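My questions all concern the structure below.
Per-chain residue numbering starts at 1, and chain names A, B, C and D are given in the order in which the chains are listed.
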Amino acid sequence: MRTGVWLVGARGSVATTGIVGGLALRAGLTGPTGCVTELPDLRGPALPTFADLVFGGHDVATTPLTKRAEALAAAGVLPGRLATALAADLAAVEDDLRPAPTGGSQAERAATITADLTAFRERHRLDRVVVVNVSATEPAPAAHPGHADPDALRAALTGPDEVLPPSSLYAYAAVEAGCPYVDFTPSTGLRLPALAALAAQRGLPYAGHDGKTGETLVKSVLAPMFAMRHLAVRSWSGVNLLGGGDGATLAEPGANAAKVDSKQRVLGETLGYVPQGGTRIDYVEDLGDFKTAWDLITFAGFLGTGMRMEFTWHGCDSALAAPLVLDLARLTAAAHAAGRAGPLPELAFFFKDPIDSPTHSLSEQWQRLVDFTRELHAGGAG
Amino acid sequence: MRTGVWLVGARGSVATTGIVGGLALRAGLTGPTGCVTELPDLRGPALPTFADLVFGGHDVATTPLTKRAEALAAAGVLPGRLATALAADLAAVEDDLRPAPTGGSQAERAATITADLTAFRERHRLDRVVVVNVSATEPAPAAHPGHADPDALRAALTGPDEVLPPSSLYAYAAVEAGCPYVDFTPSTGLRLPALAALAAQRGLPYAGHDGKTGETLVKSVLAPMFAMRHLAVRSWSGVNLLGGGDGATLAEPGANAAKVDSKQRVLGETLGYVPQGGTRIDYVEDLGDFKTAWDLITFAGFLGTGMRMEFTWHGCDSALAAPLVLDLARLTAAAHAAGRAGPLPELAFFFKDPIDSPTHSLSEQWQRLVDFTRELHAGGAG
Amino acid sequence: MRTGVWLVGARGSVATTGIVGGLALRAGLTGPTGCVTELPDLRGPALPTFADLVFGGHDVATTPLTKRAEALAAAGVLPGRLATALAADLAAVEDDLRPAPTGGSQAERAATITADLTAFRERHRLDRVVVVNVSATEPAPAAHPGHADPDALRAALTGPDEVLPPSSLYAYAAVEAGCPYVDFTPSTGLRLPALAALAAQRGLPYAGHDGKTGETLVKSVLAPMFAMRHLAVRSWSGVNLLGGGDGATLAEPGANAAKVDSKQRVLGETLGYVPQGGTRIDYVEDLGDFKTAWDLITFAGFLGTGMRMEFTWHGCDSALAAPLVLDLARLTAAAHAAGRAGPLPELAFFFKDPIDSPTHSLSEQWQRLVDFTRELHAGGAG
Amino acid sequence: MRTGVWLVGARGSVATTGIVGGLALRAGLTGPTGCVTELPDLRGPALPTFADLVFGGHDVATTPLTKRAEALAAAGVLPGRLATALAADLAAVEDDLRPAPTGGSQAERAATITADLTAFRERHRLDRVVVVNVSATEPAPAAHPGHADPDALRAALTGPDEVLPPSSLYAYAAVEAGCPYVDFTPSTGLRLPALAALAAQRGLPYAGHDGKTGETLVKSVLAPMFAMRHLAVRSWSGVNLLGGGDGATLAEPGANAAKVDSKQRVLGETLGYVPQGGTRIDYVEDLGDFKTAWDLITFAGFLGTGMRMEFTWHGCDSALAAPLVLDLARLTAAAHAAGRAGPLPELAFFFKDPIDSPTHSLSEQWQRLVDFTRELHAGGAG
């Protein structure tokens, strides 16, 4: 099952780490640590192998992929030996990267993207191409009448308005090209009635939003712990210090708001009440691609006794995110192959703000993911 | 369903907090925070109500219960107003406390305990009495031929040897009195072939070992998180600083070894490999009944990138343990009423070192507990 | 040397804790922990004794002092037994509290304050009264021509403008009443040319600003450590979570800015460069009078190797601040008695943002304080 | 002033980092971060320059220095580019490394060491050679009559006994060769009456013990902070997790005891009382050359209110220690040049367990160091 993985933001940290890692796995230069689809409970015949994956993508930046890989190696995100060993393979992927289209109407730009996707699929004789958005987080867009339904949207796109934010324009173009779509960012992507309707019409599955890699991952096991023990969480306050490209973007207030919002949802929905406190994101350039998050939780036990827990998470965001991008591409490809269309709530395990998921508990999400892949492997998830 | 809760170590911190809390719940002076059997997923008709519970117990100490309650209030474990408001009820429980028997053969001491239990059950017209061991942790006992089967045991007990450690003598006496037994400590208790056989013969359920309240509770959700994400835990090191009566006991090397051992089991069994590092327990008198645990976890992600997490847990052990003692008494009583005999692996959720449990994952244990209580309420867990 | 301690914000947490503690020390009910003027290096004959201190003050609030003391006891800031034992003494202080004047021109309000101070001094036959501002932090005031010199100020005060922020109006009135003045808050207080000139004319000493009690105290020893070891601090980021009255005020952006500003100064001035990162203050009601601060410091050593340190400070702000208020009153009274006028940079040890201090290093400030008190005791600091 | 730096343990992590750094400074390939003798308050004409330093040493290991440098680069202790750029200079130093002598009487081994030192001094026409012990920490030696005075020692060394532990044998040989001696480890070194007498006779200065680089460095500023604020430290508990060669040695109980001991001294001597708690050292291989220390401090403030602080230090021990080794060599050489003999308590700033120092406060030690170097530069410290 030859599968294209088309990355929007293909020269970013997550994308570059994902490409290097995917190529390294194909070449047998590394093991599958961090790839959940390689765990005994999940792996199986329905998923494309690492050797089946072919990478391409769009980006507004033009830095060569090998330069980005070297920079990530210098920053301790990748082993330098991989960047060196895979130089030729990276150059090959470079040929499949395309500039983000500019100028003209949004309809014209969408057509260019669709054409890029179609050409990629044909050039490599791929069974399908999964589009994964790992570009910079956008601010929430203004409402527009064109968001309501496919016809209104199509009409509006030909006009002069910036009807869709970039993530949604890519999603639209992906659907037009018959490609499943995954949003690894908190951006809008496919979350508009017009786009959801279009994806349903075309029989395309999609998943999102916002990869769950650091503080929120920890929250998704600690909050259920407090709930299962009937302990009353009084306050939960967090601060995220991060450098890197993503950090710089998130320092921008619009994007920060979008991110913080999806982070707090976990608590309220798991506990049944919203504790005091909030989450901060601050940009500290020196931290580079490593993020430090600190959380303080105060809680009451039996007879009201006050207690506290704090944790510090010091993680490399790209090293945590990249294998999940590969997992999501494999799973979404398999779902498409199995005939699934519309949202994939079974992939909630991967997201901070999962579409249509009844729970934020990591282990309930895990159980659902295990059941889903079991069905896929048995040939029945469609 | 009038249910006796007989506490071995009835004047200790956990026991006193449990008694005060149980009386306060009966009197409507406090809410059920920390009692998992009061969560919507677990509560129901099969469990005795708080008003159904009657407390008694053994202890080697003689400090009056009201004195212990005042001391715990001064230490911030209990609200002082409860100790005051419940003075009369505590005095009533005082009448049901008995000294730990001394002198004579172990058979004679066991007979005294059995007689105390039987008299308690009759005096209060109780449907059943659950014996819960919350006395000081013992060192592991020396092997003895009497441990092998009921007949050998009975014969040995009449001789001069200290055949059984105290926890096991209480367990033996409980079984002889027809009482279900719960071990909240890491001591041996019912974990001897002779005693397990006896409990089976008498149709008595039992549960244990070692209440899971602090660092290990956190481990039981964090270790599965790393496993589910296919992250490679390289080292997990912890230190537990604690004061209080339990802290003083654990400073003693024999007991320390027993406790540390049950703490490390969670990791190896959850991850499938044992990471580097270990757990320390140190006695720091000034910390009183509050414990501070600090853990450092180093782990590798995709392509081997090294990352780290640390957490500090600052909990009041007695406030965490006491409601679980009430939960265990209620659940074990209900299991007995439903005709269950032998070990209760469905109660693994409560223990660091659960009997016969296939998993240390808190959420899998939770699911099993939910299923079990659902059956009990439906009238079918026997 | 009978000394009045007049507290602006006399019903606040810091003031109430200071009054209770001062009375308890006088009554021999507590020891001098936290009072630096009782250390062997500082104590001596020049300072008024605790028995010499008489308390009074202004506040806009009207809650009785005994109520405030009970609330602080319930919150764990004070031992309840002290609030009880000192009820009569607190009632006596209550008689010396006055409402903050309202209505009329600022000149009229200042006159009322001056009259209150004079009457207090006479009523109790005090040698002098030290005015200490411990009221809520104000936003920075708008510039006004009246701030420039005493004549312009006096003229402006009779008009309709709010020429001075409250802290400065109290400072003005204190100077008019011949009282030394200490500003324990980051508010403007005496820091206006007109007021400094007036204090000099009247021969009055003054000190400030902003008591150094938590995170900044720690910074004032850690930053010199990095400097003395020639380590390059790359980033220093902090978050302060606090409840209580002060926390609520600081949640207000104007006050927050003032406070954060004085917190960051320490780093730049000690290190000679400003590292990346910043300090946040967030209000978390559940934390009450206890504050949790977390700081992350990244630094480079030899050959550029990156390292990190983090600390969590969990302190009771009022318990840290109150004894310093007593220290400052004693020291400023002694300075006044010795004939000192104008700013007292020798008291920099106590402040986040000290007037005229060449250093933020706690130990250099300490050395200066030791020298200063030694001179006072020898009779020569004037 | 051509100065030899003779490192005992010359192939260890600290020594190798020191040599690479010294060569890199000479070549202008790096800056002096971490070298305190390059701070404005300390630098000056009395110290040998980095270009004046010539390295040599003994080791029981034989791994080539370039191999060790590469390994340290791979572990993130050094930048890889330095190991590469300095390959030729490292090979030159290699020629000045000698095996630790074995076999024969201790007198014979000492003679070999003395000969190695003398040859080194002559070969490179050095004004003097400072011997610095950075070899593995030893257990405390058994008492021996030969330790009492020079004559007894000389007599004993010719016999079959292992009279001196290795660190003291090196110290003896250094003194015999007329070399000042610095002990950067907690080993015995020159701390025996016989050796101190000999050094005095020969007019040689010496310094020690045990470089202060991590947790103890932090303690030496935090403990004075608590003392200066009259706060009562109730408990101070710490754990040190470390890998690397030093970590493996310290896992050995004898060495561990020596190290822990020197760590606890700071507290008792600074505070005037010994708080509860202790320090643990645990070996965790995965941490490599980076050490993580965690400390919990509980303390009481005014009126007994309980508070707490915790910190985590994540430092690269070799990167912290190596520049201090260069500092100590430069300062001890200058002291020797100025005619100083006997212990150098002015260098207490550098040590956990300083010889003859009246204080453990880092800033008091700093002041003394500043005064000392000022005198040296002025030509008068002798």
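One rule holds in what follows: contacts are C-beta pairs under 8 Å (C-beta built on N, C-alpha and C of every residue); 3 or more make two chains touch, one makes a residue touch a chain.
In UniProt terms the chains read A, B, C, D = Myo-inositol-1-phosphate synthase.
If you're wondering where the values come from, they're calculated on a predicted model, not measured in any experiment.
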item	value
Intercentroid distance (Cα basis), chain C paired with chain B, Å	50
Inter-chain centre distance, chain A versus chain B - centres from mean C-alpha coordinates, in Å	43
Residues of chain C whose C-beta touches two or more other chains	76, 310, 312
Pairwise touch network: line, ring, star, complete, or other	ring
Pairwise chain contacts, counting only pairs that touch as defined	A-B, A-C, B-D, C-D
Partner chain B, residues of chain D touching it in the complex	234-235, 237, 239, 241, 276-278, 280, 282, 284-287, 292, 294, 296, 298, 310, 312
Partner chain D, residues of chain C touching it in the complex	17, 20-21, 24, 30, 32-36, 38-39, 76-79, 82, 217-218, 221-222, 224-225, 228-232, 290, 300-305, 307-316, 319-320, 322-323, 349, 361-364, 366
